[in-house]
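First subunit A sits with subunit B, and in the next complex the same chain sits with subunit C.
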Partner chain A sequence: MGFDLQFGWTGTVSEVVLGRTRAEGGTRSVSYRIGGGTTLPFLDTDRPSPSPLIAFECCDNPRIWSTIVRDYCGDLVNDPAEWAKTAETVYGADMVRLNLTSTKERNFSDVAALKKTVESVLSATTLPLIIEGSNEPKIDSEVFLACGEAGQGERLLLGTAEASRYRSIAAAALAYDHSVIAQSPIDINLAKQLNILLREIGVARDHIIIDPYTGALGYGFEYSFSAMERIRFSALKGDADLAMPMCCAPADSLTIKEVRDAPADARDEMAVQWEVYTSIAAAVAGAEIICVRHPRSVGVLKEAFAGLKSHSHSRTAEVR
Partner chain B sequence: MRTVTFLPSYRKIEVARGSTILDAAQRAGMNINVVCGGQGKCGKCIVYVQVGKTEFDRQKYLQFFTEEELARGACLACETTIQGDLQVVIPESTLIQEQKILIEGKETEIEFRPAVKKYYVTLQPPTLTDPSPDLTRLLWGIQKSGGPVAEKIYVPLEVMREIPALLRHSDWKVSGTIALVPGGYRLIDLQENDTSKRIYGAAVDLGSTTVVAYLWDLVTGKVAGVASNYNKQISCGEDILARVNFARKNGLSKLQSLATDSINAALTSASNTAGIDREDIYEVVVAGNTVMTHMLLGIDPAYIIAEPYVPVVQRALSVAAARIGIAANRNCGLFVFPAVSDFIGGDIIADILACGMGERQEISLLIDIGTNFEVVLGNNEWMFSCAGAAGPALEGGEVLFGMRANPGAIEKVTIDPFTLNPTWGTINNIKPRGITGSGLIDTLAELISACVIDRTGRINTGIDNPRVRKGAHFPEFVVAWARETDIGKDIVITENDIKNLIMSKASIHAACVTLMKEAGVTRHDITTIYFAGAFGNYLNKKNATIIGMIPETDIDRIKNIGNGAVTGANIALINRRERKVLDAIAGKIAYIELNAEPSFMDDYTSSTFLPHTDLSLFPMVQALLESCRLRKGSG
Partner chain C sequence: MALKALDIYKLLPKKNCKECGDPTCLTFAMKLAGGKADVDLCPYLDDEAKAVLGATTRPPIRRVKIGVGERAFGVGEEFVLYRHEKTFYHPPGILFKVSDTQSADEITQVTIRVRDESFTRVGTKLQFNGIAIENASGSKESFARAVATVEESADLPLVLISENPEALALALVQVGTYRPLIHAATQDNYKAMCALAKKHGCPMVIKADSLEGLVSLVKDCAAEGIQKLVIDVSPQTLGDFLVKSTAARQLAITRKVPELGYPVFLDTTKTGMQDAAIALGIVKYASVIVTNPLSPAQTKAALTLRQNIYTDPQKPIQMNPGLYRIGSPGKDAPVLMTVNFSLTFFTLEGYLESTRIPCFMLIVDTEGLSVLTSVAAGKLNETLVRDSLKKFGVENEVTHRNLIIPGYAAPLSGRIEEATGWKVMVGPRDAAEIGEYLYTEWKK
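Take a look at the complex of A and B:
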């Protein structure tokens, strides 16, 4: 006996396009159309759910980046273009998320350099890009416009809009036809409010990805999971203002006590495991994009997602 | 000791070194505006020290001062300690001013059946053939004049002692006052000659901020005088919590006498207006919140504010007014409305009596907004209630230019969506000094309609208009330019003010939603929404709906009952039978503790949006705002 997996849901998660191929007017080798789900992921249903996309996170200034990742990647961390290329060719990521950490330096003003960085990463990798801009109100307008312009035609995913600052990122997304990550602090109502705010200044629903904020497993992820569940249930029940794909970045898992206190020879493994398990939990909660920072996490997750899918398929076969 | 002289009145007071200027001012009888109870949180008690040595950490409170005020050496009275002899200027804006108070009750046709009645009797003197005792003779006379059966009238000893001399001195012509108290009939007063036309009763709303008294002629059934004044307990703390804490520190007797003083002041001025003697007031009916009535009766309120929040008494009480110092006839009775819980007090029971929601099958929602808010949902069979802190924003606290409903307060605002020029009306039509709660609600509704703020209340600083500006600490919108005001500075509403207002309206709306869920009703099931409280009468119903303070309904189904507490007290005073249902109403109301409701925080967060995160709950507002946005877009 199987479970009745018909819940009477009528809603569909809206579809969002990431990246543009040459045929579509961009230069990416691939573009993704994510979302479209009508039920929860990894269930025994006729329509198998696609695996979440795995984005590898790199940055343009590694000073504040995890030492574990820096040690693992070596000199690559000083060359965002080369690093992004490696993510595609060696790590096997589906996307690259470029964090413009240089903007966090005090008195940062070199917006022209940012534009160059974005351009060099775009030419080094053929994968669709997520660009994480500044969160400094004084410069974010300029930063987002520069990134948006550099990636014109590539349908970037720009991050991160919050309720307290969403106008400049939305302006860049609207001007250059990019999508936006909308982050709210683990709360379904605040997530919905931000989506409405974005919609009201002109960002279409199919250009928004929800980031519910991802705590590390054991460090608040249960709240994230519950918020994600509620968001997805609302979407499936027909709330269009919550029916966006979700993006999770369990970056916090690299800095937790268990990783910091692990013996030197086990630290790397501990970091990968924690990042992977948090990511799997996020995928089960419904995330369509998972952003990881440890290169090894990419491969482990690919395997895990394939396993989840094949498992659900085989179960389906048994039931029949 | 240090001498402090307050200017411009030149009032002097001696205080110990190290006292605060606020202490000294209160002792000198200056009514300083202390919204936060003197904790350095509201920034309303600005004074200027002209001469003398003080200690004040100005850096810590910079946010409360304008450049100009800083240049003149402004400090906060509550946070400034006195070191030497001082001369202190108290600007007018720092003093509590005469308040506009609702005195119109609801026009209700109520049967006139007061609990006290005076009978003029002419008795036959006793003779050897008719030697019945004085008391029998008197009571029989009263019975014959239409009073209650003689044997059923209880006569207290102090009245009994006066009977023989009074009867003989008056040549057997006396007026006796009979009161119907819970124990039965009682002869509470005896006077020489015919004074039967001189019998009055008072209905009092004892609010934590204001006291309103209606004086009724209990012969004609007409209002003889009305008066109101501040609750003098304000000097012991602005909010209820501060006052209960004051009571805990051996302050109960002071609070008790201040409550009585406040009522007496109102009775005195109403009596003076009516030209009557307070001695002719034979009954006082008081409706007040639970803490207020506890304090008035000198009952320790300390346990009400701590878990598990238990009042000492819930039922209606009848006591001798003189025992708590009410200045009326020495045998005047006092009837105090029953309470439900810590936060649902006699004032709410009075609201329910006033709006009549407890008599009808149709479901009503009652919202009383004052220092706190209370919500009651129900009909003649069931009722749910809850209460919460509306936050001081709606009463002018925690809002930069917020003020109470005093003269000069902007109480109505409209804003042209294109020029963004506001049109406002102030209380008494004088130049504006600040904005009061109803004006703040109007401003918020108009700003969202004009697309100046987004649905979270954030000001779009990208708008090119001199009224929209970045501000010193927060983005702000200029409601009145300095030259138009009475205070010489721009009156603005800041993003932070808006945030506080949204928190206030969200808690009220979430409270309504919590009760509706508890009762299993939707907004469509609610026939009437009643607004009570001084605030309610000036409230723009449409704007209250636009900002999502109340569930959306047809505007004509929203009714302002104004000061329902005093209306309810009036009803209970002039018809004693109405009192009988009060304990039953109080007993019927289920109290929902919002803090204990798991869904409350969720409902609150979803209400922190204009009008609400779930726009389908506000279809009319949503359509209105959409059309405003479209009009702006095309214009």
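Take a look at the complex of A and C:
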């Protein structure tokens, strides 16, 4: 029929596995295989499009976390394990992204405590985890190794590798068979370069997630959207060094002017809408993992993705 | 295949009468060749020439204007599938929906909101575009009353939603001359609808379940002499909309199916997921978006996304570099340096205005890059600051020699001092703190 979409793509987005179930040697109740796309997101009419995964972000030291989220979540923010569990059982997230913000404290050195935190979060939730380690070259190596070890067998997604600091994280990923998030500042060429660097030191393509950096709506999203679309095209045109699934983390949303200046009774909704509008656009541009910080964003996005992926069929249980 | 300008010129009347809006037939031909004009603009073309030119020279997506007067908006006239290839030109109109089952007060409230509400981002006024009135009651009198109620409080672009030509006919008696968009012609009613569109000269939505159905309706309407069309793919789900709107756009811009070269209509209230549908419509080719009235948070997010997606990613919105004044600064007023990225300028300006301290803003030319980005790229440097101070004559405006720079430019402070001889004061990173900074650091 002449009215079908015709793109003539030849490439495929590579598949990446997140988490390991008991049967696979881990302890998660579910594992996800994302990627595998052969056209633009949600446009495959022959088979069910996968729903992007929604990762809820929590942290182990809420001091530098958004006050909006702190106010909304209450005491939970002081207990990462309980918080992660709530993300699974109450908020309905598909994954948990644990940000080890304690490493940002001046003179941080308690790596043993980090390990405990990761372990407690792993036992509190059955979901696959993203662990966001340190952001300080001096402690990176120790921190990532500790995380990697604590999550051995669980196929964690470790973040975040950047062109200027990727060795420590790659080493931990290689040692314990985890995957990594590779972030570059809204630039397709830099994204490709970083992936090549990672590959050269041994990280396999199916262990990399691209984070093209999400500028907040109104603060760079006009660039992020097109950077994501372009990365997806390159993948579909056959560039293996850009053919990894992408993630979107609109974390900047919670610090922008519109959200900060919103009247107290509308602040939550402003935060949610900012995350939701960004996330939906990003999912359409190609992001397959969406990381949000406001609990209320999770449900809204779930419903939206269910509507997007259906051309009228229902959700498939195991196959993601 | 696209025709060359000279081939097109040969087919034109060569009167050079300027009625098409171009000075000569040749310049008009050049526009046509670039897909920038519509053949219909020349009143003297014979039918044969029209037939040859029409299909190949008009923009792949026709331009359709909705409403009259100040708030009228044009949609369509897009050329690409992806905004990084060029840019998107005509942002979708977003219209609030009211129903003729609502009270006159409720309808008036929504109308006044759309008429008056706006907010400014990056120097641009953002607002909703009009009102869609639905004939939910089934009564043509109620519909006409609702339309009259809207019309009494505002001259806004309208969408009249009813598949009953009689109801539309009655409503059009009142607002027909304001070029409302009528919704919708279907396989069943198109003849009567075309007659209405023709009588009032208004644009019309055609609606069918499949693209094939739309193509046949386009042909039917063309046979009735109606070409100002908007298409409704009547999506079952968001995914269905995405597939159909993408296919329609692709087939139109490649000119494989020129009949699909019309702007796309999306009624988000039918999807059960307002926000997702609006976001999807904005990024994926909707030109007329109908929604229930939105909350303040939804409003800001939706209109900001629209602004972002319709901003050319190749060219950040820029300010002219120069010395700008906040209030009436005197010779001892502070001078604050920043970059010429519009977003940065307007953010800082907003906070400075609320401090009520008269001051100067020195805007240096970083080619539209933000502070952090231009520092990272090396575009913001001491030479640029020195040359800008000179070029804009800052030395003659103030008697002191103190320059406040953004917190994120702190690594440059020493070098700027050396290059300019001015004393550099490093301001806060966050412009929101500028008031406090000026009161504590400058005033002391």
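Just so we're on the same page, the second predicted complex is superposed on the first by the 303 of 320 C-alpha atoms of A that agree within 3 Å, B and C clash if a C-alpha of one lies under 4 Å from a C-alpha of the other, contacts with A are read in each partner's own complex, and residues count from 1 in each chain.
Methods note: a contact is a pair of C-beta atoms (placed from the backbone, for glycine too) under 8 Å apart; a residue touches a chain by one contact, two chains touch by 3 or more.
Predicted model only: the values in this text are computed from it and were never measured.
Q: Mind working out whether A:Ala204 is in touch with subunit B, subunit C, both or neither, as first, second, both or neither?
A: neither
Q: Going by the contact rule set out at the top, does A:Val17 touch subunit B (first), subunit C (second), both, or neither?
A: neither
Q: For A:Ala113, using the defined touch cut-off, is the partner it touches subunit B, subunit C, both, or neither? Pick first, second, both or neither.
A: Neither partner.
Q: Tell me the contact category for A:Leu190 with respect to subunit B and subunit C: first, second, both or neither.
A: Once the two structures are laid over each other on A, A:Leu190 reaches subunit B alone.
Q: Taking the superposition as given, does A:Ser164 touch the first partner, subunit B, the second, subunit C, both, or neither?
A: First partner only, subunit B.
Q: Based on the superposed arrangement, let me know which partner A:Gln273 touches: subunit B (first), subunit C (second), both, or neither?
A: second
Q: Looking only at contacts as defined up top, I'd like to know whether subunit B or subunit C touches more of subunit A.
A: C
Q: A:Ala240 in the overlay: touching subunit B, subunit C, both, or neither? Say first, second, both or neither.
A: neither
Q: Name the contact category of A:Ala281: first (subunit B only), second (subunit C only), both, or neither.
A: Once the two structures are laid over each other on A, A:Ala281 reaches subunit C alone.
Q: Identify the residues of subunit A that lie in both the subunit B contact region and the subunit C contact region.
A: In subunit A, nothing is touched by subunit B and also by subunit C.
Q: Quick check on the complex: what are the subunit A residues that touch subunit B?
A: 163-164, 167, 187-190, 192-193, 196-197, 200-201
Q: Show which residues of subunit C lie in contact with subunit A when the two form their complex.
A: 82-84, 121, 210-212, 236-240, 242-243, 246-247, 250-251, 256-257, 271-273, 275-276, 278-280, 282-284, 295-298, 300-302, 304-305, 307-309, 311, 313, 343, 347, 376, 432
Q: Given the complex with subunit C, which residues does subunit A contribute to the contact?
A: 2-6, 40, 42-43, 45, 49, 185, 217-219, 221-223, 225-226, 229-230, 233, 257-258, 260, 262, 266, 269-270, 272-274, 276-278, 280-281, 284-285, 300, 303-304, 307-312
Q: Can you check the complex and tell me which residues of subunit B touch subunit A?
A: Going through subunit B, the ones touching subunit A are 454-456, 458, 460, 462, 602, 605-606, 608-609, 613, 615, 629.
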